[in-house]
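Each of the two complexes below includes chain A, the first together with chain B, the second together with chain C.
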Partner chain A sequence: MAAAKTRTSTFSRNLSTAAPSHGPGLKCGPNGTVFLSSGIPDLDKILGGGFPLGSLVMVMEDAEAPHHMLLLRNFMAQGLVLGQHLLYSSPARDPRGFLGTLPSPAASKDDKSRERDPDQEKGLRIAWQYKKYFGENQLDGQRDGKHEYSNEFDLRKPLERHFINGPRIDCVSIQDCPDLSTLRDRCATFLSQFPRNDGSISCAGRIAIQSFCAPQRAYSNMEWDMLSFIRSLKSMVRSSNSVAIITFPPSLLSPSFCKRWQHMADTLLSVKAIQDEDKELAQLLTGYQDMVGFLNVHKVARINTQVPVILEATTFSIKLQKRRYLVLECLNQAPVDGSSGTSYGTSGGCSSSSKTGNLDF
Partner chain B sequence: MAESICRALRDGALEGELAPALTIKDSVASPFALQVFSHVLSQLFSSILAGKSQSRGLVVVSFSRSPSFYLDLLKNKGTDIASSNNQIQILDCYSDPLGWKDQLAGSRNFTALSNEVLVSSTAIVFREVKHMDKLYNSIIELGKGLVGGGKIRFSIAIDSVDEMLRHAPVSSVARFLSNLRSHDQISSIFWLLHSDLHEARVTAVLEYLSSIVASLEPSHQLANGQRGDLENFSLIKHNSKKGKFHVRFKKRNGRVRVMSEEVHIELSGINFTSLPSEGAINQGLVPKVQFSLQLSEKERIDKANVVLPFEHQGNGKPIQIYDGRRSLVDGKHERPFAAVENVQTNENCGSGEIIYYRDSDDEMPDSDEDPDDDLDI
Partner chain C sequence: MNQRSSNLLDEALGLDEVIEPWPLRGQVVAIEDQVETSGSFVLHHLLKRSLSPNSSNVTIFIAFSQPFSHYDRILRKLGCNLVSQRDNSRFFFFDMLKLQCPDGDEGITPEGGLIALYGKIHKTISALPEISWKNVSIIIDDLSLMEVAANGSSDYVLDFLHYCRTLTSEFDCSLITLNHEDIYSSEDRPTFFIQMEYLADILIKAEPLATGLATDVHGQLTVSNKGRNKVSNFHFKVKENVVECFYPGRS
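Coming up: the complex of A and B.
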């Protein structure tokens, strides 16, 4: 009826006036959790803010596609750009080589859209009672805040050298190490820099372990040892202000260990390859041509609460917009015979059907 | 397709990327991996000789066959070995893989009893297959000897990773292969694998390490436990000459290309033809629909021929009301979609009919008037 009135009731939430100010790249979330960005704005939105500090993220790779590298690159680049510390381990002889492939934040895109907005505003006729929601200040504030927390990355532009050569990166190559004690010690020393206490958080840390059970690693058949490493890493991370992300190819583990590892994760994601020139899939999904893979969200971290997150959709398509920007989209099922896509999250895509109806009963 | 595989190996590696790696995998039911391997080997070598490929030399690491096998093979395919000495080298891990002959000869002072033809200019004997590092170094040395240092690349063919796995654990073989792939001077690498000899995990590891996986499967699956059947004999005979060849390419953009072909083994070699049935095997994520919602041509014609059950068809017949005393002939009806209450077909006519008798006079008769006519819009 009338213009929106703020509801007054006898109950008023007791917000602590001094929200603790955190360092760059950290955002407060519900239940006292603090988030840091995954480097992919769409993924942050899906997960409800980002990765909570103190959580362990595991990504199940697909042996046929390198999409987990995309996730890792964005994660690592985001940390470096915001001045957070990073520990990286990979099965290659020289992990530093990978740092050269990290993407750079795409700054120019936002500036362009900022210029366009006022012109667009003039063209649009917004009903008068809603104009107050489109104030310039709001938009600006939002954007600046976003930059401090998360960026969109341009995968074609490499990260500037000064980010990579800074003192905040540590690389561990454990190709020749017979067991995990070296890696565990390095993680322990790294995490000791970010102890968790009640005050404000000055800086956060990120650990990225790529292809943890890759066959090249000497310990790759010591399954119990790997599991206990994950467990100790998880407990170390939980008591510090950092996020650890581990990627692993589940096809190389025995099924029972695969399940155990999945249980260890606070947030569990998996990536899947897409078959090329798959006509059935092309008919089933809109936008098939641009997709490079699928991302499934199996578990979302819930720390300090017992309420689970129920996502509307758990499968997303990974697309590279203009071959530069990683976006995640809900799957849109093309209007088809009524097959029940129970394994996909669907949202009504009203694109025109490619099939002319034989079905004209 | 075999063509695309050979092309991929020919094109080789890009700067900064891992070299393409091919796994040729077979099983007892369809044991043609050696023929496929030989085919790929000879194709790659002829393109190296012709200068059409990125690599300038080929190193064959032979575990399961003597070096003379490869030289004969290439000779039979028409390539001139004598003049191409500086483009192929064979690391002979077949004659004396563990160095026993050496030890025997040394300790007992008798000459080795081998009567192999020495092809020492192209083959070098390697005696320490348990040490993957030394194997790696020897291969790189051989390759550099072929093409020199610098940026020129060479290819590697490994006959049978199975033998390597006998002598060394999976993780060192995996490390060996991935180090080879990441070496600057390696253009492409391919190997042979008999999947029955290993646990599933080992096959998974090798598939993880390769960028192209080619697997051979029998064209007709044999039923288990019925090997004595006459039918199965012909199937087995069939399978000994033909098979299916499935290839999965891991492309750079992260997509997987799946292709299939039929494979025929003849005396002269191996032939690849495209599959007679539908193109690529689809192991898709597509949910299967349980019923068919489409009409075939015949069904569409039949549908057009059905007379819809209005009470009077305008042809003067009296309206009949079912009075319970008639026995109605039941026939079988064959229509994919049946929509009406009383559907019976007359046995005599070939097509379907819908015969409708009104149950009693109480029901409103069908009228010609459109009930929507009295709507006041």
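Coming up: the complex of A and C.
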């Protein structure tokens, strides 16, 4: 770098990086970071823009429901649709089969009909819900310009063949790897295509590792090997223009190692199933039939900054709007009356008494 | 302002008055944090203090966690230019992100890798003019990743820390480390962690508030200063250019 050798003050304006233009699917974020979309517009908004390049995202699975697959599918499809490269690894014998389940972007004319169900009581706007509507209006206005960066995906429409058969996808089955060094080498080769330098970024990569757990043959020191794999993946990703997402079942790890994995992540999410037996929830929630689970945001990536991100809410309900579009919604306390038709949810814990209209505190 | 708001933390550490000679010389400072509340900001603050223009301190930074660019940007907002400090030989950055010590197959044992690191540190310090020996800080970010780099051989990591401890007596260096307390609290025998706490002269714990997350208060710090026989507890809020510390109930 041709930096001046003697700097008299501690501050110097960096004129060379005046908003470089990047390839599709990338946008500049604060502190010199560049984001790519998670494939779920609501999640991008929650995370302050998307996943920053060079970060490691980890998702803690719930053994009772495969919601992490929803996150993975959208993440992978988003990359393919925008011409980004993808490396996908899973424990399945033939990971390529999973690519057939990737969703296609929703047709743009559907966007208009995808407005939140017009609330019958538009006139009855109560003050404490005002904020929710205000934020929503802003989002809709920006929707049109965003297709270069992120898409709404239609989970019922499979991704077109030509995206899946392109040369930009590599698949690895963990079963084929005698030990993790094979996977590590594949990742290294993949990531070498996107080295990070100071110029504009032509092309970005995505790595999706599903259900990362021990290879078939368990051996001693395995837990440390997995951890050192994650560490080397993270440092490779740091020095490249890519994002890696790893989903894993926390129940298969000892508590201490689970904490180590959580500390490794830049962005840490977890998904939870909705308990089926909780029929009381169905009485207290509207839109319950659309709610498939919960998403928790434990940690948001802090690259190039020391200020933590404190979200207003960390738990969101995962809903399938019209059974097609993945949306994330804040959980709200139901009004005391509990019988109105507006769409408010309540968190799973406070529904111990089941009679409608009779809430005990 | 800047000086005033960090005062609670500086006070607890003895950094509020004179910082030349370096008040933490010969001492081991252990910072502990959790997933919910990161303690890296304490590290950044100490780094900034040690590279202050009022002191002639030299800092050796052993990074397992983030690359140089990350710290550079953060410290720049705090008012410290790491690039020029590096050029002036006041700041030495050892990038250990890629250090991996496999189990002896490729000739680099975990022990070997850490011994080499120690050798590098020793060499760097010895190469400094003797007058600087009294003012060296070694910062390690972070210890749990050093264990991973050593493939789980926490004994070797402990040995490494003991070697560094000898540096604090031989050269009067200070050793500042960051580790994650919640990893070890779930272990059956957290020997490594307990040893580290025992070694430390000053223990700084960053924890979330008992009441949970808040935008105005990011957590609480508990500073146990064995030398001064003092325990301080206060709340903090981390900003880009400063850390605000205040007693509960005040701002």
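The definition used in the following text is that the second predicted complex is superposed on the first by the 260 of 361 C-alpha atoms of A that agree within 3 Å, B and C clash if a C-alpha of one lies under 4 Å from a C-alpha of the other, contacts with A are read in each partner's own complex, and residues count from 1 in each chain.
Here, a contact is a pair of C-beta atoms (placed from the backbone, for glycine too) under 8 Å apart; a residue touches a chain by one contact, two chains touch by 3 or more.
What you see is a predicted model; the values in this text were computed from it and never measured.
Peer 1: Scan A:Ala63 for contacts with chain B and chain C and give back first, second, both or neither.
Peer 2: Only chain B; A:Ala63 stays clear of chain C.
Peer 1: Figure out whether A:Ala92 sits in contact with chain B (first) or chain C (second), or with both, or with neither.
Peer 2: first
Peer 1: Between chain B (first) and chain C (second), which, if any, makes contact with A:Gly293: first, second, both or neither?
Peer 2: Touch status of A:Gly293: first partner only.
Peer 1: For A:Leu268 in the superposed arrangement: first (chain B), second (chain C), both or neither?
Peer 2: The second partner, chain C, only.
Peer 1: Figure out whether A:Gln175 sits in contact with chain B (first) or chain C (second), or with both, or with neither.
Peer 2: first
Peer 1: One more residue to check, A:Ser239. First (chain B), second (chain C), both or neither?
Peer 2: Touch status of A:Ser239: second partner only.
Peer 1: In the overlaid three-chain picture, which partner chain does A:Ser251 touch, first (chain B) or second (chain C), both, or neither?
Peer 2: In the superposition, A:Ser251 contacts chain B only.
Peer 1: Where does A:Asn221 make contact in the superposed view: on chain B (first), on chain C (second), on both, or on neither?
Peer 2: both
Peer 1: Just which bits of chain A does chain B share with chain C as contact spots?
Peer 2: Of chain A, residues 221, 254 contact chain B in one complex and chain C in the other.
Peer 1: In the complex, go through chain A and note every residue touching chain C.
Peer 2: 3, 5, 7, 10-11, 31-32, 221, 223-225, 227-228, 231-232, 235, 238-239, 254-256, 258-260, 262-263, 268, 298-299, 302-308, 310-311, 314
Peer 1: If we count contacts the way the header does, which residues on chain B are in touch with chain A in the complex?
Peer 2: Touching chain A from chain B are residues 169-171, 174-175, 178-179, 182, 201, 204-205, 207-209, 248, 250-251, 253-258, 280, 282-289, 293-295, 337.
Peer 1: What residues on chain C touch chain A, complex-wise?
Peer 2: 35-38, 40-41, 44, 66-67, 69-70, 73-74, 76-77, 79-81, 83-84, 87, 97-98, 100, 103, 144-145, 148-149, 151-152, 180, 182-184, 186-187, 213-215, 218, 238-240
Peer 1: Where on chain A does chain B make contact in their complex?
Peer 2: Per the touch definition, chain A meets chain B at residues 63-67, 91-93, 175, 214-218, 220-221, 249, 251-252, 254, 273-278, 280-281, 284, 292-293, 337-343, 358-359, 361.
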